[in-house]
Amino acid sequence: MSALLSATCAVPAAGAVLTAALPAGTTGARRRTTKLVALGVSALTLVLAAVAAIRFDPHGDRYQLTESYSWIRSFGITFSLGVDGIGAVLALLTAVLVPMVMLASWHDADPDPTPDAAPVGTDGPVDPGTIERRRRTQGFFALILAVEAMVVVSFYATDVFVFYVFFEAMLIPMYFLIGGFGDRAGGPESARQRSYAAVKFLLYNLLGGLVMLAAVIGLYVIAQEQGFGTFDLRTLTSAIADGRLQLSGTAEKALFLGFFFAFAVKAPLWPLHTWLPNAMGEATAGTAVLITAVVDKVGTFAMLRFCLGLFPHASKTFAPAILVLSLIGIVYGALLAVGQKDIKRLVAYASISHFGFIIMGIFALTSQGQSGATLYMVNHGLSTAAWMLVAGFLISRRGSRLIADYGGVQKVAPVLAGTFLIGSLATLSLPGLAPFVSEFLVLVGTFARYPVIGIVATFGIVLAALYALLLYQRTMTGPVKEGVRAMPDLKARELAVVAPLVALTVLLGVYPKPLTDLVNPSVNATLSQVHETDPAPAHPVAATPGGEQK
Amino acid sequence: MNSLIPLLVAAPLAGAALLLLGGRALDRFGHWLATAFAALSFGFGLALFSDMLGRGAEHRAVTQHLFSWVPVNGFQADMTFRLDQLSMTFVLLISGVGTLIHLYSVGYMAHDERRRRFFAYLNLFLAAMLLLVVADNYLLLYFGWEGVGLASYLLIGFWQHKPSAATAAKKAFLVNRVGDMGLSIAIMLMFTEFGSFAFGPVLGSEGAVGAAHQASEGKLTAIGLMLLLAACGKSAQVPLQSWLGDAMEGPTPVSALIHAATMVTAGVYLITRSSAIFDLAPDAQTAVVVVGAVTLLFGAIVGCAKDDIKKALAGSTMSQIGYMVLAAGLGPIGYAFAIMHLVTHGFFKAGLFLGAGSVMHGMDDEVNMRHYGGLRKYMPVTFVTFGLGYLAIIGFPGLSGFFSKDKIIEAAFAKGGTEGWILGLCALVGAAVTAFYMTRVMVLTFFGEKRWQPDEDGNAPHPHESPKTMTIPMVLLAFGSVFAGGLFAFNDSFLKWLEPVTGHEEGNSPLAPLTVTLLTMACMLAGVALAYLMYGRSPVPVVPPVGSPLTRAARRDLLQDDFNHAVLVRPGSALTATLVFFDSRGLDGFVNGLAAAIGGLSGRLRRVQNGFVRSYALSMFGGTLVLVATTLLMRSV
Amino acid sequence: MNPVNYLYLSALLFTIGASGVLIRRNAIVLFMCVELMLNASNLALVTFSRMHGTLDGQIIAFFTMVVAAAEVVVGLAIIVSIFRTRHSASVDDSNLMKL
Amino acid sequence: MTGQLAAAAVTTDLAAATGRLAAAAGATSTGEAVQFWVLAVIAVGGALGMLLMRKAVHSALCLAATMMALAVCYMAQGAVFLGVVQIVVYTGAIMMLFLFVVMLVGVTSEDSLKEQLKGQRFAAVLCGLGFGVLLVAGIANARLDHFTGLSEANAEGNVPGLARLIFTRYVWAFEVTGALLITAAIGAMVLTHREHVKPPKTQRELAAQRVKDNIQLPPLPAPGVYARHNAVDVPGLLPDGTIAEDSVMATLRERGQIRDVSQAMLRRMAELENSTADWLGRPSSERPEVAGPRKSLEPVPANGKAGAAGKDGATGEEGDE
């Protein structure tokens, strides 16, 4: 039993504590120390996650590098970790993105040079922004590391209860990240908005989590009655798969909905999405990337691992309904993105559209769909991170999130505009960039089982082109607007953030095989849990040509 | 030798990457670098061509597998290239004309500060276009398909500071996306139907019958219609033609390369490449010919009314591609002629555009033909090359266009039945209109009195001949315009070259070939004469006359944009606005309302906690009462 | 006469006491009502003691009295101190618990 | 007090006799029945009286009556010791304590009849009725036909029997009760005791404070009006005929026990002037209205706390102690 996975989880957790304990950032040098420590910890995590992904043998067992530590014995809860192809890939994505987010947010958490009046007049709940000013930098980076640790545990957990705990605990640091660190631009009004967004984020996800908790308990009770007094995912899924543990139809549906609701809020699926635009709009660009590219992925990942694994029959029953919701999400998110006036909210709605694709791929119940969905999680993480971070650089230069305040940036900051264009193109799934592969797989996988839904979803690619290029046109082209005339181009630090993301996006678009090799066996295992196989082609090419007469 | 195939794509791609990432250091000689990479690709193409000629007709198609691209169980997309006669034709056309236009651009873009980037985009385009034609499966073709769309987007919007250019670029991409939807759905259909979307297994190769032969006609028709949709988008066929006119916002070499010679013909390539599917789906073929015929008239009419020289040529392009699509829709009778016209069109239309660019270069970027006139004296080389291109396009006997267009008209009649007559007559009318609008362009630009005036600052243009880098490509293309057709038609060499890929069958035309030729000649002469009467005999007004309703409609692209605006854009933005409202007031409003309701309810409930001890005592007492009563009742029951 | 009647009496007194607690506002009267309720239960206890023939019931009644005495001492002290600050012996005037 | 005890002693003998007699049967003697019905009427009447009397003093007296009746009931049932304790502790000690407190916080203050809580009275009566019905039903349903009687348990006397139990089986509870009583005593002291956080102010300091605060510099006005009313609850009159509330001691003001005679006085003065005018022969137009010039001056309400709200809190506080 190697301790690789627990080390991967423990390093960022310990890093978070260490970062928080560092001396307060009263001087620039001290703050830099804090940042470097945090960055170093995240880099170490990246190395560990990469080692885990490399040591994972796609042709071996479903879960590898497993560890198990006794936790709450009376309920059969063990702190058990294990990795399958999907978890390995997503944990790696997380580990890749966190250092990028840190680099991109390098100065976001510096204390303001001119201490503006503390946000007053928040007649709502207490503004989480009142983190002590001097410890802002420590707080920000420690919170990011805490999120990373919890996300990684969620990807590795093979115990339903452990997963639940970390799935929920993630909300706490995220709440403070959203509510405590916003755009520098806004005044008291923005503080109120931010507080609203943070509370909304918390409430939505908490509600989902509570429903899930009920389902978790229900699952345990039912399992215990049949002699499986455990939360261990592997035991439960194998028992469910070979019929030793039988859930009645109604119970299975109810439990499925309980789990699914939590994941659908997190993912987010239409119509549970409205927290996302607020949260992404008000948070810093780095936090927004954490939300959409890292934390939300736990939701879709959990659909794949828990919903399908634990409740195969209910998954099949509800799949068409979920597909319709995801389809609405695709079109709806894209249309709303077209109508946005705020850059970050636009990205958020685009993400909602993309999450529609991911969920659609998962519940199409074909290997193409699910592999595509898994790749989509990774690719969306990378491409949206690039898009959003560049948008963040843009916004930090001008101090406005409104699209109307920009124009002609391409003229003054060509590199910024170029990287932004690449982000936009990735968002609209241009072939050659990573999202294309996944989006097409999802579409093909869906089309194979539900042709009509597949065709309607294809409209999403037209709408994606519309919002992405419209945004680019309005901000980057045309005559140079007054406020952007003196805008500097990307700095070295910012390039260091964007370049790897762009490179990965291109690389995975042209050569996604390393990922598909990792993911495919796990997807096949998931599909076999649901007792589904890919629909066979009507006239396969493999048949001897001319052998059959019509 | 086959390992050169990937290099065809890789060379310009490397050029693009180098130029984009290289930074300002490459500003001074980047354009020559790009031209060299294009020429390198052409060189590889020539080498492969000679290699191919060295093999027998049946062994000419080769494939080169690089690596597995997207493998997911049954879904296997490989990075595999296929080079057969059809691809070879395109490779040579693309890299050849591409290289010439690179050369031309060196002169044309000499004063643009972002020249390096322009050449990078051009190289990118070459790479994508070559990938499109050498791909061995539809997904890889789609890669190239969207790649050229991207390059087209970047190049149309190259002068991004002009809002019109940025808008045109976005429009082109979007309309193309609609077409791409068709291609995606076609691929999905193929996958679910055959479990594959590679050319070999689906379409058949080297005598083996593809899986397409086993599928039902309905499915094949669906696939064919989806492919047609894709072709309509990329090749600017009705109803997705609206972007091409606006695309003229791009620099002229771009118009020449992408929007005349190569990219817009990708649709014809797609249909020809998928001939195995279309041959088995007659309904889809009918749709193709209808689209082709409608577009050829549509484009021709639009071309007649435009005063912008590039837009007139764009209408012409649309119309000529209509011819090709029409031919491709005729089935094996027409495939070879479609491609032949495509190649000859590539020469003369590129030449015409370069000529137009040369004129604009000399006229300070003036595009309105009503402000030209009498330019033959000032730019003789341009005049001659443009004139040769003009003669080629109207089908003057002996020049390229004559051979290719005549064959298409013949083939249209050969379709047989009423259909054949209708198509043939459309093609004939098209030929007449072509002669009319091209003569109009020619006359307005090069003949008559000079009509240009000083602008507000008093700077009158000083028309002059363009530099060598620009004229040499024009001359070379003029050679192509003159001789390519004859070369191809000689001994039916082109037909035989392509036959292994597309197949060929002779139609049974109700008219003798000579009759058709004579009819075509007559139509052409009528068109030329009419145009000369209208524009050559009397001075041309600088301000355009109001004109007939048809003219006015044609000036507005036959109201296509107005239609799109009314049917798609306006309802679309209304829908978006409604949804934005619904999201904030409807969904969010529901949730917020729920929160408010809960708050209100707790406000009510809070009043029960009135702080009066006696109230609490009462509730305790009442509770006890209820408990005791329940207990007693339960015991008695 | 059946000694059960004592129990009925006890029940009646208890009910009157309880109603008094709910109806009266003067804290002192309230206390008296509580005392009445305690006495009523004492009566029941004594009756039970007689019924069972053991003295335990009486013992409990005895303890009840002691506790009642203690309660009254503390309770009245509270009333006095409340009266000092609020100048009122009405329980309705001490309703700050709602906040 | 002695009388009560004597009466109790007599009844004890009687009750013991009847108890012994009834023990065998399960029904009681006619004597006890008569006694029960008399006592029951007194007890219930007392309880209702307590519930319905508006003045706390009356309530207390009613309760005392009920308790006495109950004490007799205890004795009749063989709980002689308890009966005595009931009279001594409850009626004697606890009720006296109640009366003390009632006197302390205002003997005459009455509950107003107006119920402030909506529906409280109705609901209380309903609950009470329901509870009563439940209890009665419960008792009626219980199987209570066998009465053992206490003749055996009280064989060596009631007190020795109780003592045996208290000091053996219930000794622990007994000790704890003692602790409880001590605690209660200390608690009461703590609650009512007021700590002086600083040394009491001297007279000089108080005077200086008054000057500083500019409140009531001269001595408070004396109560009483002319020579007619010289009781302490009659406030003095100010020159305009209104009453000077300060002239009445704070405790009386607190209880609302101010006897306002201003109207009567005004009326008398008017009469005096009239008679003077008659005597001098002035025209009637110059005479003041007999009805009194100050209609607005209402008598202070009997139980109102307007006085308590006070002209100034400081003097009120002082008077209170």
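Just so it is clear, A, B, C and D label the chains in written order, and each chain counts residues from 1 on its own.
By our rule, a residue touches a chain if its C-beta (ideal position, glycine included) is under 8 Å from a C-beta of that chain, and two chains touch if they have at least 3 such contacts.
All figures in this text were calculated on a predicted structure; none of them were measured in a lab.
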> By label order, what chains touch chain A and chain C together?
Replying inline: B
> Any idea whether B-D or A-B has more C-beta pairs in contact?
Replying inline: A-B
>> Measuring centre to centre with CA averages, how many angstrom lie between chain B and chain D?
In response: 103
> In whole angstrom, what separates the CA-based centres of chain A and chain D?
Replying inline: 73
>> Nearest whole angstrom, what separates the Cα centre of chain A from the Cα centre of chain B?
In response: 37
> Centre to centre, by mean C-alpha position, how many angstrom separate chain B and chain C?
Replying inline: 97
> For chain C, what residues touch not just one other chain but two or more?
Replying inline: 18, 22-23, 25, 92
> Listing for chain B: what residues touch at least two other chains?
Replying inline: 610, 612, 614, 618, 621
> What parts of chain D, by residue number, touch at least two of the other chains?
Replying inline: 117, 120, 123-124, 127, 131
>> Which stretch or stretches of chain B touch chain A in the complex?
In response: 20, 67-75, 79, 139, 142-143, 145-147, 150, 153, 157, 160-163, 165-167, 169-170, 173-174, 177-178, 180-181, 184-185, 187-189, 191-196, 201-202, 204, 208-211, 213-216, 219, 572-573, 575-577, 579-580, 583, 587-588, 591
> In the complex of these two chains, what residues of chain A are touching chain B?
Replying inline: 271, 274, 332, 335-336, 338-340, 367-368, 371-372, 408, 410-411, 418, 425, 428, 430-432, 436-437, 440-441, 443-444, 447-448, 451, 454-455, 458-459, 461-462, 465-466, 469-470, 473, 476-480, 510-513, 516, 520, 523-524, 534-543, 545-546, 548, 550
>> Going by the contact rule set out above, which residues of chain B touch chain C in the complex?
In response: 606, 609-614, 617-618, 621
>> Looking at the complex, which residues from chain C come into contact with chain D?
In response: 1-9, 11-20, 22-26, 28-29, 31-33, 35-36, 39, 42-43, 46-47, 49-56, 58-59, 61-63, 65-74, 76-81, 83-84, 87-90, 92
>> Could you list, by residue number, the parts of chain C that touch chain B in their complex?
In response: 18, 21-23, 25, 91-92, 94-99
